[in-house]
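First up is the structure itself, then whatever we jot down about it.
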Amino acid sequence: MKIAFIGTGNMGAPMALNLIHAGHEVTVYNRTREKLEPLAQAGAHVANSPADAVRAAEVVITMLANDYAVREATLVSEAIDALARGAIHMSASTISVALSKELAAAHASRGQGYVAAPVLGRPDSAAAQKLWIMAAGPPDQINRCRSLMDAIGRAVTVVGEEAWRANLAKITMNFMLASMLETMGEAFALVRKAGIGLDQFFQIMNGLYNSPVYANYGKIVADRRFEPAGFRLTLGLKDIGLALDAGQDFAVPMPLASLIRDQYLTAIAHGRADADWSAITEVPAQNAGL
Amino acid sequence: MKIAFIGTGNMGAPMALNLIHAGHEVTVYNRTREKLEPLAQAGAHVANSPADAVRAAEVVITMLANDYAVREATLVSEAIDALARGAIHMSASTISVALSKELAAAHASRGQGYVAAPVLGRPDSAAAQKLWIMAAGPPDQINRCRSLMDAIGRAVTVVGEEAWRANLAKITMNFMLASMLETMGEAFALVRKAGIGLDQFFQIMNGLYNSPVYANYGKIVADRRFEPAGFRLTLGLKDIGLALDAGQDFAVPMPLASLIRDQYLTAIAHGRADADWSAITEVPAQNAGL
Amino acid sequence: MKIAFIGTGNMGAPMALNLIHAGHEVTVYNRTREKLEPLAQAGAHVANSPADAVRAAEVVITMLANDYAVREATLVSEAIDALARGAIHMSASTISVALSKELAAAHASRGQGYVAAPVLGRPDSAAAQKLWIMAAGPPDQINRCRSLMDAIGRAVTVVGEEAWRANLAKITMNFMLASMLETMGEAFALVRKAGIGLDQFFQIMNGLYNSPVYANYGKIVADRRFEPAGFRLTLGLKDIGLALDAGQDFAVPMPLASLIRDQYLTAIAHGRADADWSAITEVPAQNAGL
Amino acid sequence: MKIAFIGTGNMGAPMALNLIHAGHEVTVYNRTREKLEPLAQAGAHVANSPADAVRAAEVVITMLANDYAVREATLVSEAIDALARGAIHMSASTISVALSKELAAAHASRGQGYVAAPVLGRPDSAAAQKLWIMAAGPPDQINRCRSLMDAIGRAVTVVGEEAWRANLAKITMNFMLASMLETMGEAFALVRKAGIGLDQFFQIMNGLYNSPVYANYGKIVADRRFEPAGFRLTLGLKDIGLALDAGQDFAVPMPLASLIRDQYLTAIAHGRADADWSAITEVPAQNAGL
């Protein structure tokens, strides 16, 4: 298939590469040009603007940092008008419910398709083709994107026929991960201050959960290896804000999400904006005087 | 070995049974007598008081609900004076750091040993000999208890030479589990109110964490199957209180533990004291008007 | 002076009336027309649109519910283009820092003045000319509005030369009031459940604080007289959201503001959206099973 | 009347002095002897032990820091057995509901009276005879203590016939004060970081609340004058713990009390244990990077 891929950062680049390897014809665009070179060498066409990228595409995939970037690359850039009738926008970014609804309407009014397909996983999972994809949208459109999803991830869960539901599922999963990190932060602060070895505590934690997610993040946190960021702390703050916004829309109070937001702000006020989002675990330690 | 086992409730009974099956000579005591019958049929001696139970024991194991019960069965009951010099108290209950320190001193002053060996797992894990044991105490005393631990659990992590550290590790792990439950509660409330199927959300959650703990608790929570309690909600409140007490002793603020405590109180105020501690997940749902 | 007054609701109507009584020539506009009649009878001109209202004004005062309404009445409605060069917009609404900055720039680019002058007080204070006004903006513009402020309130505190600072001060004061309400809610829940008479508790509280604010709100809360709303709960939620947004902009975590937001969402999920914002005090009572 | 006064610290000393000035015969005891000298010079008898102090007393007043000190000075010291039948213990300390119930029973079983009469106010209020007293106990016993209360305070509110209710009322009032301080802490952090002058903000705050409590504490906080402590931060932590304990007993979740507890722990972890309890306001500032 002819694919346009917009947003080739930490996550987008390996995803685009996997699409190329799967035999698709991929045109890439990124605001920062140097990130495109490795993809060009792998066989991608390089476009000069979002509109250029999408003009001949059957499916355009966006993988950008936040609502602002997605809005700029689609609605503001006129790419949406350059996209052909019948083509599909498969939005893989973690964006708000509100923007997802707006995009669904904008594409529908132009005879285009719109599928939300946000992904779970960090850059190494993306490279290993192991992302978990949450998809939502009209069933026929999801089917047309299915081979692309298979090229990117290890599994797809379809959560509904309205695209925004996939975005909400993703936002909720990120809230769960951030909660796990805050939990680790408080637990490790207590354990450290009580003089228990983190190695021993880890053995117990991993013995109990037996989960690669706990094992991987636990190790990052125990080693305090927050740079370079796999997922920036400011993006973590953005995502918890999306969860809180969704909670407000549906009148669902989420006090743990509120706590996480406050901890991220403390982290940012202490210079950790560009660290990995798992650096939230430093806040309980800092508050404990460690 | 000659073992006294005090406290044969949901957890203690299968543990005592596994010790009998491993060939030890076990004398059991429980305040409620009817719980002792299946053990008597399996070959246990039945004692009429804690003091009777421990008189001939090389190791006495206690598995009781809280500080009060452990204090009653040891310090108050005179069992501690009936225990022989050189015998060991292996305390498997989840008790406070303060009581663990007090017991260590009380036993030491009588020439007795004291090992803390709290366990992770629910009744079915206890029956399946799959508990994870956190042990702390003098190394030689731990070694003497090792075969007992092996008969009860699948693994032992030694976290220090002072017994209370094992209690703190256990308290911290229970805090982590309660945090996971609160997280699920908020996530499911949002997802349900947004009209996403819990089955789909589960598939994603389990796809991500790939953890039996998430899978098991997730299913309990999704099915809202909180009775009969595997671990009573009031015990969950007790344990989060122990975490907060330990946090106060070490000057470690734990805002997530505070939140969990408040949610448990809300659950109790709404009649869920005897439900499983995973019924904390009903509080976010209730606050969201579900 | 020739005044345009836009937004004659609970608060705006008595403010406009006081300006008429002070001898100013006042043209009023309100989206809901019937609210204008009492003002017309008192001598106000009635305009058919914001643009009509402001055309001849030396000062236009806006007193609207939220950012959306202010934006609609000024930037969207073209009123801003109908306003004369040299005229001043005195914005009395509680709006966001972001919109205040946007308005300051929009007016400046048209040679118009812009002063933020949000007010503290409920409708009865407005009627009694007892509002406390926080003003910010260029000193000469504030001076030109001074007689209007004197006609509306009992005191003016100037907090800076950049208009948004007055908005931030107002947002912060509303946060303080909401915190007082949450505090009362938790205190009263405890006192009620312990069987202490609220009358006695009130006597103590008022004896200590000796503050009309505590006395007035305390009485509303003790009597549970939340209808009709002096200030709607959804506006309370809006304002705490503005505080949290400002906190995020300045990297100031405000955990108490987060708690209040969550309590408001619980109140809304239980049907209290249109009650007075002091109905937040029902949430702790409800959580306590009262 | 013949009065024994136990505990002549910051608060107790001026209270005892006022009783002497009112013409009562006062015998004083304090663990730290040097604090007794000014009282001896004012005419007090000095006792060598709590038991000595109370032997001839019609009323014994205790004004001590916490449950432990009150328990030591009464139940542990044998003073309770030295107190005459028919004499009354008027307990002015801020103690737990549990200890108050225990004392009521212990005195009743000895034919002695027990009245709880905790006081609101700081040392300067105590000196100025301006404390607000919450009293509870059997009406005839309260009547017999009435002249003493009048010598100490400006007003008495009777909250019930069971003594512990006065302790609960006091605990709840201290929770309200601590909430006000946390509120100020978050508000001032935001205002400071936004570049608004604290003087201006104060003017508004005091204009709104018009309360001496806000004015006094506001000034302490704005001047960051936390030493010497009028009321030590660790006592603030103790009192919020009493509120949380009472909340747990009555199944009343108090999330704001939980937040305050966490902030106090952060303050202690950063070396502020001996500062005034209003130093809780430094925690939001610190978290904001100020």
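So that you can tell them apart, the chains are marked A, B, C and D in the order they are listed, and the count of residues begins at 1 in each.
We adopt the following convention: a residue touches a chain if its C-beta (ideal position, glycine included) is under 8 Å from a C-beta of that chain, and two chains touch if they have at least 3 such contacts.
Since we're looking at a predicted model, the values are computed, not measured.
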{"item": "Which of A-C and B-C has more C-beta pairs touching across its chains", "value": "A-C"}
{"item": "Chain whose mean Cα position lies farthest from chain D", "value": "A"}
{"item": "Same or different contact residues where chain B meets its copy chain A, judged by the half mark", "value": "same"}
{"item": "Length of the line joining the C-alpha centres of chain A and chain B, rounded to whole Å", "value": "38"}
{"item": "Computed distance of Cα centres, chain C from chain A, in Å", "value": "39"}
{"item": "Distance between chain centroids, defined by C-alpha means - chain B, chain C (Å)", "value": "53"}
{"item": "Of all residues in chain B, the ones touching two or more other chains", "value": "247, 251-255, 259, 262, 265-266, 269, 287-289"}
{"item": "Touch list for chain B against partner chain C, complex", "value": "255, 262, 265-266, 269-271, 287-289"}
{"item": "Residues on chain B engaged by chain D in the complex (per definition of touch)", "value": "237, 241, 247-248, 251-255, 258-259, 261-263, 265-266, 268-269"}
{"item": "Contact footprint of chain B on chain A as seen in their complex", "value": "120, 132, 134, 155, 157-160, 165, 168-169, 172-173, 175-177, 179-180, 182-184, 186-187, 189-191, 193-197, 200-201, 203-205, 207-214, 243, 246-247, 250-257, 259, 284, 287-289"}
